[in-house]
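Both of the next two complexes hold chain A, though its partner changes from chain B to chain C.
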Partner chain A sequence: MRRFAVLVALVALAPFVVRYPTLETQILTFGLLAVAFNVLLGEMGFLSFGQATFNGVGAYAAARVLIDLHAPLLLALGAGIAAGALVAAAIGALAITGRGVYGVMLTFAFNEMAYYLAFQWRDVTGGDNGLRGIPRPDVFGISLDDATRYYFFTAIVVLLAFAFVLRLIDSPFGAVLRAIRENEERARAIGFRVRRFKIAAFAISGGLSGLAGALYAGLFRFVPLQSIDLDTSTNIVVATLLGGTGSPYGPLLGAAVFTILSNALSHVWSHWPLLFGVVFCIVVLFFRGGLWSIPGLWNRRASHA
Partner chain B sequence: MLRTHSLTKRFGAHVAVDAVDIEVRDGTLHAIIGPNGAGKTTLFNLLSGEQRPTSGTIEFLGQEVTRLDVTARSHRGMGRSYQRTNVFPKLTVFENVRLAAQSRTRLSFALFASASANGALAERTARALEDVGLLAHAAQPAHELAGGDQRLLELAITLATDPVLLLLDEPSQGLSPEDARRLIDRIAALAARYTIVLIEHNMPLVMGLAGEITVMNFGRVIAHGTPAAIRADANVRSAYLGTRG
Partner chain C sequence: MSGLIEIQLLNGIVQGMIYALVAAGLTLIFGMLDIPNFAHGAFYALGAYVAFTVVSSSGNFWLAIAVVPIVIAVLGLIVDALAMRRLARAGHVYQILFTLGLVLIVQEAIVLVWGADPTSVTVPAALSGGIPLGVVSFPVYRLFLVAVSAVVIAALWFGLERTRYGAIIRAGIDDPEMVDCIGIDVQRLFTIVFGIGVGLAGLAGALIVPIRGGQPAMGNELMATSFAVVVIGGLGSYLGAVVGGVFVGLTQAIMTILYPAASEVAIFAAMALVILVRPQGLFGRR
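Our next item is the complex of A and B:
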């Protein structure tokens, strides 16, 4: 609860301290993607290498609803959630039939299929030109035209989603996901229909990813083809491992560091991913719990001394 | 309570369980003994639903359950423990058992409820831990428990699913004599409340505990009866001594 309060304060103050509301909004949407991904990896123990699929599907769905139906923004977010959840449930139901690395490869393969579908289906997605001309309607009569205002709108939505994930982890449902991660056979033997829980976890992760995609579409009033490509899926995995999978705060931190570094470094040096790779290797090799675990390691060392 | 009819499991040419008929009566502690490779664990896997028989049937509480999977049989009231310790290693002892208790509720798809704040679940969990004497270790991660305590945790998980029948697969395997003794005392106490089927290697221990004994060898039942009758049985002697009586 205290950590969440600190997070809220940080998110509320950020645009006053550093005036890059667009970048800060991007941190939030990307952070939500990493948190959603970690519901599968950190809680259930499933590495989904195709999370951009759900992000992209949510972004396209929200954009279509805004363009074609002139729907209110909140409805568009709902469309993003629904589209992400449905697609994730379907893909999840197939991916979990593959054991171990084969399941990972299936999410990867579906991501590739989704990408080519988006690439070809120009009428709906705009193909490689991206989908342009997305309106950003007022919410409850409040104009969100200004970047800072849109930042605060995104902040409220993402913090609510984050609070939902915190709640989920403490719920009986969250406990079953951890049981599946720890010992799937035993979970089955004590009476859990493991398959149902896995599909539900996919739907939740996909819904949150779709929401992130929808917020992103509203941010740039544009959906680039990149929002559904494998690079984005990889970035989600990297940012999450960087931050740590042991707590939902880890992926959020990882996403923030990743977004800031990639923005800062790409201005200085076009080969920045090389440098980032080094940072990533150091964290994965020496801080297995990710950046989020470092203060804890410090405490433990101090208490041993 | 539990009855098999001509239960058979083949693996290729090998017949692991060969036309076994056993009947476990309500309230008894029924031990299954036999040399290594006699088919005891395979029989258990068939009873609990982990494996499907090649032929034959299983009846539990008057209904046929041959085609039900392990999850469905768990909900019918079969609780199984495993030969190899089979817990949720990184979760706490309490969370291990609470999960089992939770599986009997409708809570598991509640996304907004709190598992840790649920009084009824906590109570059920504490009772199962009390039954095996592990309440003091509730906050410890399961993988940090000593070997004997892990077997007790295994038993507590099974108890928390509210079974009517306990299937215990060599619970004392790999334990020190003192730990084995402690576990057997717990099982003896549980025998007053549950029907139990027990696979066990330790003969003296079985003789003191069981009401009925079934002896298997080469996948078949070679003897069945009270401990006294089994002790006197020539077939059993030859199976264990490796001579032809």
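Our next item is the complex of A and C:
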């Protein structure tokens, strides 16, 4: 609870301290993507390599609802959640057949398929040019036409989603996901319908990713084709591992560090992805807890002394 | 019209042989180590660029074909010995993630060393020219590519199916723990398979570079399709990877004639169908 209060305070104060509301909104939507990814990896132990699929589908769905139906913004967010959850449940159902880490490959391949579909289906997605001209309607009569206001709107939505994830992890449902992660056979033997739980976890992760996509569509009033490509999926994985998978706060931290660093470094050194690759490999080899675990490491060392 | 469809089908086989080489290595590594090696495409791209460097410094394309698979295989041995073994205890997920990190490094390193612009290698004089086919002609080099791939695939198949070492590798794919119990050093076997697997990807890169040239992102473009090939053919099945590779190459070629917009999506639709109807893949055992 204390951590959550600190997070709320940080999010509330950020735009007053550093005046980059657009970048800060991006951190929040990307953070939500990382948190959604970690529901599958950190809790259930499934490495989904196609998270951009759900992000993109949610963004396109929300954008279509806003453009074609002139729907209210909250309804568009709902459309993003529904679209992301549906597609994730379908892909998840296919990806969890087969043994071992077979599914990792499938989420990757289906992401590529989704990318080509978005690329070809120009009438709906705008193809390579992206989807432009997305309106950003008022919410409850309050105009969001200003970057800082939209930041606060996004902040409220993302914090609610984050609170939902915290609650989910503490629930019996979360305990079953961890049981599947630790020993799938045992979870099945106890009597849990593992397959249903896995598909439900995919739907939740996809719904949250779709929500992030919808918020992103509202932020730039534009959905680029990149929002559904494999590079975005890769970035989600990299940022989450950087932050740490042991707690939902880890991915959030990782997403913030990743977004800020990639923005800063791209001005300094055009080959910065090389640096990210090296850091990522080092994290995977030696610091599998990620950034979030560093204070804990320090504490443990201090208590030993 | 005459000749054009035949050319397209031949091109499908050429692309299919590249898929077969890449997917054969991928499926061996996957079958034994249970790792979808995301860096496989990166080794393929490195193969193309190393071939470019060998050809441009020595002027000898034949040398490149011989040297590149060895160089890439040695790189694979190093990666396996330094990282994959260390990560084995942490679990497959971290091994997969490490291969992802390699992708980021290799892709950017290629830009750093060779530049972001596409590179090209000219076909050696002995293989330039074409074979007339109706009103058009088919480049000799592409037939050479098919022949070399077929010979390598057949030789490796012979090695896997008819030699003692091959039997050990196949046993390792079926049940690594049991092979370990018999007293065979499975770790070393993993390393060898990893080397052979990525060596095949390197060879594929060297063979494709005179046709397509090299681009830094070429490996990434290949990865998703190769995964689809492996799923269609059956995990861990060498024959499945080869047949699946040619099947996917031909499907793309045929779709390009019939309905180009869907040529990429068709592959993944076929993959989804295989998962639903025959989850173990066309040649997979269970």
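One rule holds in what follows: the second predicted complex is superposed on the first by the 305 of 305 C-alpha atoms of A that agree within 3 Å, B and C clash if a C-alpha of one lies under 4 Å from a C-alpha of the other, contacts with A are read in each partner's own complex, and residues count from 1 in each chain.
Everything below uses one rule, namely that a residue touches a chain if its C-beta (ideal position, glycine included) is under 8 Å from a C-beta of that chain, and two chains touch if they have at least 3 such contacts.
The model shown is predicted, which means the values in this text are computed figures rather than measured ones.
Enquirer: Quick check on the superposed pair: does A:Arg167 touch chain B, chain C, both, or neither? Answer first, second, both or neither.
Expert: The answer is first: A:Arg167 touches chain B but not chain C.
Enquirer: With the two structures laid over each other on chain A, which partner does A:Ala200 touch: chain B (first), chain C (second), both, or neither?
Expert: The first partner, chain B, only.
Enquirer: Let me test your reading of the model: by the given contact rule, A:Phe192 touches which partner, first (chain B), second (chain C), both or neither?
Expert: So A:Phe192 only meets chain B here.
Enquirer: So, does A:Asn183 touch the first partner chain B, the second partner chain C, both, or neither?
Expert: In the superposed model, A:Asn183 contacts chain B only, not chain C.
Enquirer: State whether A:Gly126 touches chain B only (first), chain C only (second), both chains, or neither.
Expert: Once the two structures are laid over each other on A, A:Gly126 reaches no partner at all.
Enquirer: Identify the partner contact of A:Glu112: answer first if only chain B is touched, second if only chain C is, both if each is, neither if none is.
Expert: second
Enquirer: Is A:Gly31 touching anything from chain B or chain C once the two structures are fitted on A? First, second, both or neither.
Expert: neither
Enquirer: For A:Gly84, select first, second, both or neither according to whether it touches chain B, chain C, the two together, or no partner.
Expert: Once the two structures are laid over each other on A, A:Gly84 reaches no partner at all.
Enquirer: By residue count, which of the two partners contacts chain A more extensively, chain B or chain C?
Expert: C
Enquirer: Once the structures are superposed on A, label A:Leu274 by its partner contacts, choosing first (chain B), second (chain C), both or neither.
Expert: Only chain C; A:Leu274 stays clear of chain B.
Enquirer: Does any part of chain A touch chain B in one structure and chain C in the other, and if so which residues?
Expert: Residues common to the chain A contacts of chain C and of chain B do not exist here, since the sets are disjoint.
Enquirer: Across the complex, what residues on chain A touch chain C?
Expert: 41, 45, 47, 94, 97-102, 104-106, 108-113, 116-117, 120, 230, 234, 237-238, 241, 271, 273-274, 276-278, 280-281, 284-285, 288
Enquirer: So in the complex, the part of chain A that touches chain B is made up of which residues?
Expert: 164, 167-168, 170-176, 178-179, 182-183, 185-193, 197, 200, 204
Enquirer: In the complex of these two chains, what residues of chain C are touching chain A?
Expert: Of all residues in chain C, those touching chain A are 30, 34-36, 38, 83, 86-87, 90, 92-94, 96-98, 100-109, 111-112, 220, 223-225, 227-228, 230-231, 235, 261-262, 264-265, 268-269, 271-272, 275-276, 279-280.
Enquirer: Going by the contact rule set out above, which residues of chain B touch chain A in the complex?
Expert: 48, 50, 69-71, 74-75, 80, 86-91, 95, 98-100, 102-105, 107-116, 118, 121, 157-158, 161
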